[in-house]
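Look at the two complexes coming up: chain A is in both, with chain B in one and chain C in the other.
== the complex of A and B ==
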């Protein structure tokens, strides 16, 4: 009897890859940097962790709200319109994230100039917390759109027609049928995007102007300035809230999958 | 604008106020997303060496980049990493998607959740762990970058496949095995023909995400032939010319060209298959 069959090899491919490429580097890294705590960490990490969580949560919440509205609108478009809207959203991904940050810097500069010539007072938009949230949101809306659009697939016209036949008014129908289905995927999108947003360091570096430093930005700064031990310890600090979000999302997915599979 | 009209049946479902609010929010979102793309196009064509100054339209900045050997290598490196890492991630997920049809439900649920965990671990922490691990194990930086990139694409490929699992009929796969097909041939001749559509869409998504990967490239790659994202990062605070815009547009055009070629290739294959089928029918 063969102990290892082709099927076993197929099923083990992903777990083996995850062990070698995910668990092994992470475990050895935590083992090496997890025990010693630098005194600077207690001064820097809590404030920056707070900044990271607050700004990434704000950007994520706005992105999910806008992406959700876009996804619901997309759901009710004519088929041709759906294709065009998806293409337009995809188009933004083509030009790259760092280049879009450069573009936003210039756009905010133009808006600043326009506002100052109209109002007569200089209003600083670039290099501020506002700019960081604005640009992060712009990058995160497409992700929210794709996740929520996917989650809206179970919404069938028959459901809506049935509710309509039963005499439900349009605004009630939106609140009682469409929003609950969208909320399920929106909560998934929120956690998923929050995890991604909390690790952003490009936008705070380019548009924060040193006023909004995420943990990632500071870790990269220390890494570039030769203090890799402290950079690694900062990275490790980010892993803790990241893991909490991961665990809650994993539970959510397990529950959702369990319900689907009939556990 | 007429393309973006709502289906007539949806007018009754949504009502006027909800429809208008959705339209307003959607237009705001689209503007928010597309404004930087539009500006990059303008900046690349009309930009001058002076910061935020627009001048006469020209293709100088494109020519400048295309005549630079380092930039040309960066475009090539970015595209080849994106092609290969997306392929690796999709192959792994295809094998996994096949095997779960024969595995227990717990294995399916647990493996799915563990794949999703990857994307939720802060990518900065992961990249730092890769930098440390590659140093300790003497793994070349480019290899570490390739593996890290593939790892980050795994959940995306999984999400694409997961949404399309209904394309694959479990009964057919099990019938293939019962009738004596090996798992290898069952995968190739029964599973892949059913799953190629989600596979292609997952590949496209993975390719686009991989092309934009910046954290691993910034942290792991220092010198030599680096992807465009790393080169753009090195320009932050140093270069205020429209080079980043021109680089982004060239990369986007290269992707569109590849996409077009792939679409033409797929059409040619489909046409030749159809004509050979017709030929067989005539015989």
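== the complex of A and C ==
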């Protein structure tokens, strides 16, 4: 009997590949800490990290709420409706990342013009924190939708019908059955999407007009100004929220596994 | 090993080999020229320098854009993997790069007869040839100010006379100088920069800066779409608008000139061809051709003899414009850039 098969090697290689992407920068961070860490890091990183966490959390929370609501609505549609809705959500995923930013810039400019001609006062929508959160949300809702939709799959029509036959009111069914199941996948969606959102750098740059600088945006700024070492150090500070998110994810998964195994 | 796995491995090896051969092809016969900025500026390089050089020598020249990300050039040279042959760098990068040994010595240079620097301007050296002066000017939207618009940096800061949102370049270089000019410092006394005073002056304007732009096309678009009423802008990007140029007005008072250099990065495989290209692109006729396309000022004074009288008033190096403006002190910035940039990022985020 072969002890190590190709399948074993593959199943080991993938986690190693994924972990390396986390451990390598962490090792570099620990190696450099104290000696080579740029004094400018303390001057810049805390504020940029705060901006990153606040706005990416806001965009993630809204995306999960909207994606969750859409996923529940999708769950109770007739099969044809489900297909069409899934297709529409999928289509939005295929809009190019950069194109989406510039499209929103044009849309917001158009709305500004319209409001200005109606109200006589210019209300600035583009180049603001609002614009950044709006566009990030628009990109993240489909991800939340698919994660939460998948989480709702154990919910069977027969079970719901049985509950209704037994006299359970629709609002009770919603509160006692649907919401808890949706919340479980929503919390997973939140953590996964937050990990993606906190690494955004193009949208804050384009839609924020240089006023909503995430860590990623600032790292790219320094890279463009010829300071790649410092850009690297700034980028590595994302390990702080990254580690927190990873730890939360691990706890969440362990908790679910524990429940499944009856701990 | 299973036959299917073996076939898969051979296929991957084949693709890798084909990619390597593809990437290796033509090196030595091809020259890669890197322009600082795309759009109209890169187009001016292509039409004025690259296409005529290709036609004359038969050497294929590839035009590439970079955003003057100095770190990229540093990494490239230090790693020894240098695909670029000719690169346009800013004056402060030229000083830094020369100090750090990032540039190769050119094997041929423009001769003194055909390249005459502007009065007081830098001369050519084996490490780099001055190329073009480009300018940051005060620009405004004539829809917002049909009669009189902001034409100095003091006007730009004057929100009572010229109300409305502004845009500025997301870079302390230039903006600190503009703030000091707005605060009453004369161009002759700008350097060494009083950084604290400049940031204090910038504080006044910060709430009214709608966009900190990062690309030369942005201020032009912002003004054309009436998103801001006034902005700093690179003059050439306005000149390159052609017919639509009248939709934006600008002033040379307090304009900041910066100089770019042509260099050959150390490690380039085509130093001879690269040097020959730089010599070609520094000839007065070619420089005048570029000035006609983009409206920036050739560093070779001889080129002004070939520039149309119509385009001359738009050039930073035209005597009348030169007298109203100042040149960014590259030496000061090369020494203080890193420190000031950190302050800039922190200040912007406050």
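To be clear about the criterion, the second predicted complex is superposed on the first by the 220 of 263 C-alpha atoms of A that agree within 3 Å, B and C clash if a C-alpha of one lies under 4 Å from a C-alpha of the other, contacts with A are read in each partner's own complex, and residues count from 1 in each chain.
Convention: contacts are C-beta pairs under 8 Å (C-beta built on N, C-alpha and C of every residue); 3 or more make two chains touch, one makes a residue touch a chain.
Just so we're clear, the structure is a prediction, and the values are computed from it rather than from any experiment.
Participant: So in the superposed three-chain picture, is A:180 touching just chain B, just chain C, both, or none of them (first/second/both/neither)?
Facilitator: In the superposed model, A:180 contacts neither chain B nor chain C.
Participant: For A:223, select first, second, both or neither according to whether it touches chain B, chain C, the two together, or no partner.
Facilitator: both
Participant: Give one of first, second, both or neither to describe whether A:114 is in contact with chain B, with chain C, with both, or with none.
Facilitator: neither
Participant: Looking at the overlay, does A:76 come into contact with chain B only (first), chain C only (second), both, or neither?
Facilitator: It touches chain B, and chain C stays clear.
Participant: If you stack the two complexes on chain A, which partner ends up touching A:89: first (chain B), second (chain C), both, or neither?
Facilitator: A:89: touches chain B, not chain C.
Participant: Report for A:154: first if it touches chain B alone, second if chain C alone, otherwise both or neither.
Facilitator: In the superposition, A:154 contacts neither chain B nor chain C.
Participant: Applying the document's definition of touching, compare chain B and chain C: which contacts more of chain A?
Facilitator: The partner that reaches more residues of chain A in the superposed model: B.
Participant: Touching chain B in one complex and chain C in the other: list those residues of chain A.
Facilitator: Residues common to the chain A contacts of chain C and of chain B are 6, 109, 205, 223, 228, 231, listed in rising order.
Participant: Using the touch rule from the top, collect the residues of chain C that touch chain A in their complex.
Facilitator: The contact residues of chain C facing chain A are 5, 67-75, 93, 96, 165, 170-171, 209-214, 225, 227, 337-338, 341-343, 345-346, 348-350.
Participant: Spell out the residues on chain B that touch chain A in their complex, using ranges where they run on.
Facilitator: 3-7, 9-10, 12-15, 17-18, 21-23, 25-26, 28-30, 32-37, 39-40, 43, 52, 92-93, 95-96, 98-100, 102-103, 105, 107-126, 128-133, 136, 147-148, 150-151, 154, 159, 163, 182-184, 187, 208-209, 211-212, 214-215, 218-219, 228-229, 232-233, 236, 244-245, 247-249, 251-252, 255-256
Participant: Once bound in the complex, which stretches of chain A touch chain B?
Facilitator: Its residues touching chain B are 5-7, 10-11, 13-15, 17-18, 21-22, 24-26, 28-30, 32-33, 65-67, 69-70, 72-74, 76-78, 80-81, 84-85, 88-100, 102-104, 106-107, 109-110, 137-138, 141-142, 145, 150, 153, 157, 160, 164, 169-171, 173-174, 178, 191-192, 195-196, 198-199, 201-202, 205-206, 215-216, 219-220, 223, 228, 231-232, 235-236, 238-239, 242-243, 245-246, 249-250, 253-254, 257-258, 261, 263.
Participant: So in the complex, the part of chain A that touches chain C is made up of which residues?
Facilitator: Touching chain C: residues 6, 40, 43-44, 47-48, 51, 109, 124, 126-127, 205, 209-211, 213, 218, 221-231 of chain A.
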